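Please see the structure below; I have some questions.
The first chain written gets the first letter, and so on, giving A, B, C, D, E and F; residue counts start at 1 in each chain.
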């Protein structure tokens, strides 16, 4: 038998080298920081929250009128416990990096979790509008059930409406972790900071990006590949990007944005405007206007 | 110890509020409707169907000439049982919403499942052509095995060819659930209604959208970000979208469509045509023609 | 009870038909080829490698200064065993298809695995630069921890830096399997052959494609939907695509490429150049130049 | 590589031989009898029933006064569904073997399950007495919690009290499957037919056997290795054992039976009697009497 | 926060101390001996073998006449692969400790596994007799199905008949591991060396011990707590026990042994003899004789 | 479809009845007492401790000289964290029931866990002696490896030596939970309080009971079914059993106790004594003496 080249000596040396790269290194390892929120736990919490939003749709539990009240109460208490733990970790992390030492992360975590859960009935109401918007906006949609059970958009918007609440409650890390879970599954990337109105619908969805300070009104419909992005970043004297500040578009009520359109900067797309596919918009658009790529971009040439 | 703010009283009230949002609400909860198809079961069925299409490739079972016949027979019978149950749920759901009460969902489910499974040899033949098309169309492709084992496109097209059969057999809900499972994993969104010919290849794939009434011929090759979409929707007197109707493109044999191209409406791209990257096409293109963005879009400006 | 239509006779016949489609068929089944690498094992190996790169971030293990050395050593030895097995399968597959019969796949697998693991400290150093680039390039980024814990880009680039090492070591199949695992989760498709410099950052990421022979310098930043692709393929006398050859762009240091840009062919984007969003580039761009779509593509028309 | 001796030919032949042993064979295979109850499902049902009997003790769910009502309601509805399915299988099996064809197994299963669940409050009351008996009867017992959390006897008696209800309701197969689950875990073998009074306690328990027609009064305490068995079996003209009939002892109130005692036949151990360890009893014992092995069984002999 | 007393220093010291106890230590650790058989794998193999012996009884797979042939063939091939691996480890272990170095463990493992599997039809025939014996010997037994599905004895005898074949084929370690798996679940301890005839039945079973060199004829029935043991051990000049040699009883056809009886040494219990409960036998018993404890062991004394 | 008889009204009523049985009820439910130790966690801790005692024997991890130090360090830190949590729950429970309110359960849990882990090298030394005793005492034992890998006795004694340490450290609940885990698996019931010397061996083991205040010397060997029990319990004026007090036997060095023997009360079995099978001992036995059942208990009677 040949000698295993991964000898004890080599292993020990390699471990030493890795240990060195971990030293004094902040941010890309999690040594002695076991109270960061954990992705696998967030995924379980998402499952539980979705059980409340769409009882029975996962098929994990059979839900009937006999037991629905028990299921909802049971899941609510369970998600409460799970969320408090992760949110407390997020607050404690924030305290550690901001050298704050007189706040009560535990109490804050409890209060914030209650606040989120008390919003769940409102979130359900919002989602009813979103499902209706999908049904009315997609000729291929056959029923509400089909939309809830299979449209990736529903995953993305339900996750967003929850993450956005936590963002408003100033919970660190977790809102972004949640929105990235939806992004990974749907290809739709909505920053938890985005403020989205009623009856929203994204068709297909892959490649959609909605930036942190976007504001979207009611009855807005957008298609795959659309970006609501920032145009350029403010920098300080040292050339460092200045964090924060409104830098993404405001989309007013009843706007439709077709596939692959890109809308950049803190501009406003007026009520009822239509942004054509593939259009690149960097300036505000008045209400009621339709914007398309103006040039006739079909030029026929014979092959060979 | 501080008092837990999520008191019994608060929990009870919240449950009551949620119960209210569930009342009389059709489509975004699944109370008393336990016979809807279940996503987690569909995922298992997909695994089983793929074991038949690509024996051994999951590595869950070691397949050799000694046992291949047993494995295939065993998996076939297993997937039969699993599929019948889910398809019966789908038919029963359809009866419930269409107030039909004299059909025999169980018998239909059995017949439809037999019909699908009997198509599996043909589907395998189609997939052989698709793998060959990938090998011949991608200079980075090294072997057939590499394509089957790693290309997301293979997941998408294999799933589509199965979902499309079920769509043709008029099974509700499940075809779309299947195609969305592939969409979530590959970023390729093919509606199960799309009619796709032999030797099809999608390179990279993320962001591709192929609409319900698309018809695609043989030897067609498309790239990431391409959309075969609908241009606009017919509406009835009340302004409601009219469901159904051919509204997506027909792509004839031997067409190539480059990245990010968008082809909209019930138009025809003629045999052998080439659609350039990023092109936006809303009118039919004759056979043999190459369409590109006609304007020279490279304008150099010095920075600063 | 009605008769089950999936009778023994039908099952047997269907199995026979499937057996026939498996005959003499190379590449889309894995009969008698049980030593191909297995996707589910590769996923476990990725988890283990990420535990070394970002100790503690999965939350599977609590990592503290007390136990970090043990964890790293333990995981290293574990991933060594797991990788050797899969890599040996990949080499053995390659020998089988290339009819080579005097090489020692086992020894090669051991040596290559040692070589990869010994690169892990360097890979960590590269990743530190990438995280820093993300922090400095994204105004929404709040901390290094948030980036590692939630940005899909980190998954993609960490996976790439590992897969690229294995690609350099000429391991068949596995590098592509790894990069497709990251593609499935993030929508970012980086071929393991791509050569990427320090402090790289991809924002949002969905739809990004970076081809096999791309070369990317230091401090490059790109946005969602960007393609670094091949323009056209060389073909031999029979019209078959010629595999291999430099066919993707070279991006020099300090270049920024905005969303949905497409850069095609073996061209060079010079140091410090800026490629605007949605731009389609097929020719080299000098250093310091900004390329945008030159036409004013906003044309307002009143609706109706 | 050496040839695998398990050739296709050998496999096929072996399968044929096994198929032959399955032919016309009733009782030791389950072909075409898929509706027999399933052990793994029974184990899950037991877990659920125990969650109702001892809320929170498994640690699977955190139970507090806030959520206890929801948990109990939820588990009750879940166990209802699970039990009905298994019990219907058991009844259907019974109909099949007894060639009965006009009974409604489904309705019976529903009714019997309701009947069992409605007994759960009474069973809990019985178990309170049993725990108290253990506490008062075992000098090593420190608290009620310790007894519930660790004494194998509690598993055995709780399981028995449930199985005995189902036995009384004439459910086939399942009562015995339940009691054997407890037997496997505790070494205590109580036939579900045994009729056991209040405040019962078995210390240690391994090797205890309590036969089908045993009747046990209140406040009875027994030790490990005790058998309440049948003396001999009645046989018919053909020498076949006659099934059924009272053939095990009746133990009146307040009896204590020490370790390894064996009590055989349809005899009565009178109120307050004490049966010494290792004693072999085949005749009734009057109330208040102590029975011990009468011979001085200590004989000292020097070794060698 | 208080200091964690399990400091790095303490951990390191403790690891060093443990490392020392592992040095030069044979038999109670498994360092560098990774090819020992593994209990968890043996448990899986047992499940697979039982699927062949009692198709469908685990409920893991629904077995019908349509798929039974596929299931059996599939499981046979799977268990073949799994068994060969574990048996090769057992042989390799044996070679290592016996310093043998010219045997071909791999080939032996293949041959032995084929030999075992080819015995499966015979083992099924034996088990049919055992189930029938249980049915005829236990008045509480209601059907063959109930016996297979719930009697611990069936687990023990099926496991034994397999382990005994492997013992005869001189496989090290694994036969004993198998019999201990059954012992753990049933409390019945049958050494794989024991030679057991047809139509065997053990009622209740807990505490039964059947030693390595026991020989049991046909139609034997024994009860819980029975021991067939060795009387005393032969020792060599140094006082060490001499391994091997017939030292347990021979039980001829048609013998019945009641509960808690103990039969010790290489003696013979003649055909048709009956050994009473609790009897202690150290000398051979002629055919047809009934042995009971002769003394009237019921002495009544009034309590107090 | 027939009406489900488990109506909402019935469910609600049943839940109410159960809620009532939970009221004011101490000890057989765990409401608001979520910090009791949890059996499933204890099972994981046992797995971890066994990984330290017998590295590699579970086969979960491949242990070689290259990685053994990492594995042991890693598992030690993991088991430390897990144990501290469960032990803190046990102490907190104890405080709650004893109305103590100034102790620091957390600190105690840390200290006690360190104390246990520091005993692990000694426990390993003890176990080496136990394995040796098994090898020398059982003619069927073939190697040390076979004993560790398959003898239930090893599970029981290893578990006991750990539980006994925790018992000595006055940890509530957990020692008994641990010993019952071993009891369930092996049928050997050793109270964690029992004080057991070196080179101990129990053959077969099912039914062995060793009481809380038993003291066992070195080189003691016992067989299945043996009880070291209490004779009678002291009671207080109210007739309640007085807890605690030495009430089980002391077994001196070099004693052998054969199967089914019962030794009761605070008596002493002198050095080198031999207790015969089935003997019932209630008085001390001098050193060197052999005790057997003195009466010739073989009485032959012709059958009929």
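As a convention for this text, a residue touches a chain if its C-beta (ideal position, glycine included) is under 8 Å from a C-beta of that chain, and two chains touch if they have at least 3 such contacts.
Just so we're clear, the structure is a prediction, and the values are computed from it rather than from any experiment.
Engineer: On the document's contact criterion, could you list the chains that touch subunit B and likewise touch subunit E?
Structural biologist: C, D
Engineer: Quick one: compare the interface residues of subunit B with those of subunit D and tell me same or different, with half as the dividing line.
Structural biologist: same
Engineer: What is the chain whose Cα centre is as far as it gets from that of subunit C?
Structural biologist: The chain farthest from subunit C, judged by C-alpha centres, is D.
Engineer: Would you mind checking which chain's C-alpha centre is most distant from the centre of subunit A?
Structural biologist: E
Engineer: Subunit C to subunit E: how many Å between their CA centres?
Structural biologist: That gives a centre separation of 52 Å.
Engineer: Quick one: subunit A and subunit E, Cα centre-to-centre, how many Å?
Structural biologist: 57
Engineer: So what's the Cα centroid distance for subunit D and subunit F, whole Å?
Structural biologist: Here the centre of subunit F sits 24 Å away from the centre of subunit D.
Engineer: Using the touch definition from the top, which residues of subunit E touch two or more other chains?
Structural biologist: 4, 6, 11, 15, 62, 64-67, 69-70, 72-73, 76-77, 187, 206-207, 225, 260, 278, 293, 295
Engineer: When you check every pair of chains, which ones turn out to touch?
Structural biologist: Going through each pair of chains, those in contact are A-B, A-C, A-D, A-F, B-C, B-D, B-E, C-E, C-F, D-E, D-F, E-F.
Engineer: Can you check the complex and tell me which residues of subunit C touch subunit A?
Structural biologist: Those in contact with subunit A are residues 52-60, 62-65, 68-69, 72-73, 76-77, 80, 106-107, 110-111, 113-114, 117-118, 120-121, 124-125, 127-128, 131, 136-152, 185-187, 204-207, 223-225, 259-260, 277-278, 293, 295-303.
Engineer: Residue numbers of subunit A touching subunit D in their complex, please.
Structural biologist: 61-62, 64, 66-67, 69-74, 76-78, 81
Engineer: Which residues of subunit C touch subunit E in their complex?
Structural biologist: 4, 6-8, 11, 15, 65-67, 70
Engineer: Of all residues in subunit B, which touch subunit A in the complex?
Structural biologist: Against subunit A, subunit B makes touches at 2, 4-6, 10-12, 14-15, 17-22, 25-34, 36-41, 93, 97, 172-173, 176-177, 180, 183-184, 187, 189, 191, 193, 206-207, 209, 211-212, 225, 227, 229-230, 233, 240-245, 247, 260, 262, 264, 272, 274, 278-281, 283, 285-286, 288-295.
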